[in-house]
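In the two complexes below, chain A is the common chain; its partner is chain B in one and chain C in the other.
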Partner chain A sequence: MTSKSDTARLASPAFAGRQPGGWIRSARLQTALSILLRYVVAAAAIVVAWHIFSVRFDSPVLFPGPAKTAERALELIAEGRLQGDILASVQRIFIGFAVGSLIGALLGLAMGSFRMVSDLLSPLVNFFRFIAPTAWIATAMVWFGLGEGSKVALIIYATTFVVLLSAMIGVSAVSRNKVRAARCLGANDRQIFLWVTIPASLGYILTGMRMAMMNSFMTVVSAEMIAADAGLGYLIYNSRQWMETDSIFVGMLTLGVVGLLTDRLFVLLTRTALRRFSLL
Partner chain B sequence: MSSTQKKILRGTLSVVVFLAVWEVVARLWFVPAILPAPTMIARELISYAAEGKLGYDLLMSGQRVLVGFLFGSLLGSALGLLLGSFKASRWLLEPPLQFFRFIPPIAWLTPVLIWFGIGENGKYVLITYTTTFMVMINTYAGVVAIRQNRLRAARCLGANRWQAFRYVIIPSTLPHILDGMQIGMANSLQTVVVAEMLAANEGLGFLIVNSRVSLATELAYVAIFLLGVIGLLADSSFRAFASRIAWKYRLA
Partner chain C sequence: MQDTDSYISFRQIDFRYDTRLGTPNWILKGLDLEIRRGEFYVLLGPSGCGKTTALNLLAGFEHAHGGQLTVDGHSVTGPGVDRVVIFQGDDSLYGWLTAQENVEFGLKMAGVPATERRQKAQRQLDFVGLGQQGHKFPSQLSGGMKQRIQIARALVCNSPILLMDEPFAALDAQTRAILQDELSSIQQRTSSTVLFITHDIGEAIILADRIGVMRSGPGAAIKEEIEVDLPRPRRRGDPAFGSLYDRIHEILSEEVTRVLRREQANQ
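Then we have the complex of A and B:
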């Protein structure tokens, strides 16, 4: 969203006249810098507003200011707790997300390509995908224990249906002429599936995965709030017992940062992968 | 046999086989506390509904979601339209929006509990936030995605700023607002379940957690089943509603 509008603005003729020829040569670098500037300005504005609000509110326990939160963050890092919690959450998400995406993509491709599979599975899929993953938290703990197993299972559940659906849409969006062309050139069904359908629906699968990533964050935080001994959700919910609102804020800000970085990383990887199939 | 008939036949077959396998597996190898059979869940559903308790839980969860969803949709679309319509607010507000997008709404439960207590107000605030945020970013994206030529055309034909807003921006953004509301509804259901699991004495989420304490595991499955039904009904009725009011604006 961000980079697109910026690139568009930079490419417009109105902007070309203002292109500085000096130290910023490449347009891409300049785009990156302008985005960075926006983020810095926005972050500064938020911190200032947050500070003013917390001073007016005048209750460090109920609403700690940025300074107190930053101090707490440093303490948590020094104790090694914050890193541990980040690692715990990220690890769960990574495993569950990878497995869930794989299952979702395979099932979605199969359902999109074969009438039989779609007829058999769609009533079940169309019911289960409407059950919020968080509704399964208690059940998952009965089946897979209180440890990693239940969290990973929940994330797999949260990821699978989102990716499945977009993979199915992806298959149905493959242009008929591509399939016809491949068939004219002598490809059989298996070859068409492998070399036409899969590459052509890859973009949809990746978009689905990006959406599923946000669902995974939501699910893991919920599960960690309810039962865990590490993770960002645990940090956020457990700190309530000691009224450590500053730790809660640290946990939430960390979630935002980790989520944003994961998303950017994913977009970067996606672009590289998609360029291979010239979908961009 | 036509393909529609085939589809229905296969669909029914798979659901029946799924339930039958579940029934047999549950009865042969599992105690009800771990995996109750579908018939046990159905019986529990009927008896709990007959006692009249189920209606109350449904009502409480439904009320929380609905109040938050309605407030959130109004607030979210208004904010999204506002933020998207001005260059300055776009410039300044896009980065924080991108950031807050990644903080799951349920994470706000803890501060909300501290600020608003464990009563109803906290739940309304939480669900309102969940919906507001989703609707807002979708509306915002919708405003940003409007083709400039459409706006220019309206201006050329003599529309003033307000008219361009009323007759170009709002209609073009409506499909995005509706998309946002649909996602917002799904997220609200997810959020309300967790909020009820952690801090409530009624509602479907509470039912799920409490059934373990009261050793009636079937009840948890009843609640999960009902959540699926609610999700499905909410989604399909919303789709019907959206296509009714938005079909004429689906220009793309």
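Then we have the complex of A and C:
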């Protein structure tokens, strides 16, 4: 409906020529294209700078340029290795992130809402959140084995605290009048938790999850460097042994690209599915 | 004995905040206030005099440190659906719910089935003039519309008492005047008992059956009560309105100057 009227407006003679790029007939498409254009410009700037640096450095082995890296990426794709590594890392992140977010959100909501829970858990939380996930890698291997278990456990750990803290802040940011109004309208404690506290803090939880996603990416790389037979961290660390700097670059670029896409996808999904709660 | 037509009764109510030094800061001291059933009672006073505290006590958000507070003979122990508050700010509305869903909130808490809920909420939205706006979210509505939603949300619960804490203070003058007239007619139709807090003398005269002017704290109480027997709907240009305004203004300015003198003496 809106797009139809926009089209009419843009097509009208009075409007023609006023808008730069007015030849595109839908305003929404125009916005999408201009955003895409900015993305392309940003990416191009990085590639150009990279190229200049690599030429100056003048050592294809130590500092490969974009062309050599792209070539290597194609080889890795042809061998099927890059896809396998992406899949391995993304799978670990997805499971760990989902479980960690759930635990973090529930604990954070409970700690924010109930004094008793908060008194019991905050010393533990404030203690453990300063022990970095990477510090646990050794023990995680011993306890959960060299397989998926240890990596997923580390990502759960990396995710939980960030989401927990933001959920707690979310609860404390619920305005007093929202709770008071609910009490006046006959809500009991359980109903207030369910219908006021949770929806009111959802925006904070989602923001926390977005930050936790970053932590998950960082953690998975470290864990895969220590013990794994697949994954982007494995690709990077394993390539070091053969001085394959180009493969290392491919791994790093892939991390950035997969991370960026995941973040965009997360924002897009929450904006559409949870539009009314969205603070992103 | 108790006044036969007294519905809400504050008797010798004391309320204090304990300061960090441990010395009590008495907000209310010996507050006596009787409100009749179906009465529109306006508490008027300078800011910081304890008006909102009195309302919060009646709402059940706070508890008095002395005295007796009853509604229809029963002591107030906590918040209840019989005394719904309409807040000044719009932060009491649920931003993730549509206007319609906000109005339905109380019914949902009471377990009313969805269809019935929708019908009742729609009726109240029509009643406050927002019949076509039910699908919108609070952020898409103006300040005046948001306050109407709060009113509809309270009315849908059939609450016999409405507690209004400067509900129109944040609105522009024109919207405020319109909502005052509307509230006055809503109250006439629903015959609810209203406790309305304001520092605006004109607003008090337009709305009130009776105005309680508060003495400023510490240890505030009612200084003087004024019956307003002007016919409704009231007009702001009425000469009787003007003379009443002057009279109340005089009482209030005594209080304000007293506070100012004391503050100057303390400096």
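The working rule: the second predicted complex is superposed on the first by the 248 of 280 C-alpha atoms of A that agree within 3 Å, B and C clash if a C-alpha of one lies under 4 Å from a C-alpha of the other, contacts with A are read in each partner's own complex, and residues count from 1 in each chain.
The rule is short, and it goes like this: a residue touches a chain if its C-beta (ideal position, glycine included) is under 8 Å from a C-beta of that chain, and two chains touch if they have at least 3 such contacts.
Nothing here was measured: the structure is a model prediction, and the numbers come from that model.
Colleague: Clash or fit: what happens to chain B and chain C when chain A is overlaid?
Modeller: fit
Colleague: What is the contact status of A:A135 with respect to chain B (first) and chain C (second): first, second, both, or neither?
Modeller: Touch status of A:A135: first partner only.
Colleague: Looking at A:R180 after the superposition, I want to know if it touches chain B, chain C, both of them or none. Which is it: first, second, both, neither?
Modeller: second
Colleague: Name the contact category of A:G256: first (chain B only), second (chain C only), both, or neither.
Modeller: first
Colleague: With both complexes superposed on chain A, which partner does A:G80 reach: first (chain B), second (chain C), both or neither?
Modeller: After superposing on A, A:G80 lies clear of both chain B and chain C.
Colleague: Residues of chain A touched: more by chain B or chain C?
Modeller: B
Colleague: With the two complexes superposed on chain A, say which partner A:S239 touches: chain B (first), chain C (second), both, or neither.
Modeller: First partner only, chain B.
Colleague: On the overlay, how many Å separate the closest CA atoms of chain B and chain C?
Modeller: So the smallest C-alpha gap separating chain B from chain C comes to 14 Å.
Colleague: Spell out the residues on chain B that touch chain A in their complex, using ranges where they run on.
Modeller: Within the complex, chain B contacts chain A at residues 3, 6-7, 10-15, 18, 33-35, 91-96, 98-111, 113-115, 141, 144, 186-187, 189-191, 193-194, 197-198, 204-205, 208-209, 211-212, 217, 220-221, 223-224, 227-228, 231-232, 235.
Colleague: Spell out the residues on chain C that touch chain A in their complex, using ranges where they run on.
Modeller: Touch list, chain C to chain A: 59-61, 78-81, 83-85, 87, 89, 91-97, 105-106, 108-110, 137, 153-154, 157.
Colleague: What residues on chain A touch chain B, complex-wise?
Modeller: 1-2, 5, 38-39, 41-43, 45-46, 62, 115-116, 119-124, 126-128, 130-139, 142-143, 214, 217-219, 221-222, 225-226, 232-233, 236-237, 239-240, 243, 245, 248-249, 251-252, 255-260, 262-263
Colleague: Considering only the defined contacts, which chain A positions touch chain C in the complex?
Modeller: 175, 177-178, 180-188, 191, 195-196, 199-200, 202, 276-277
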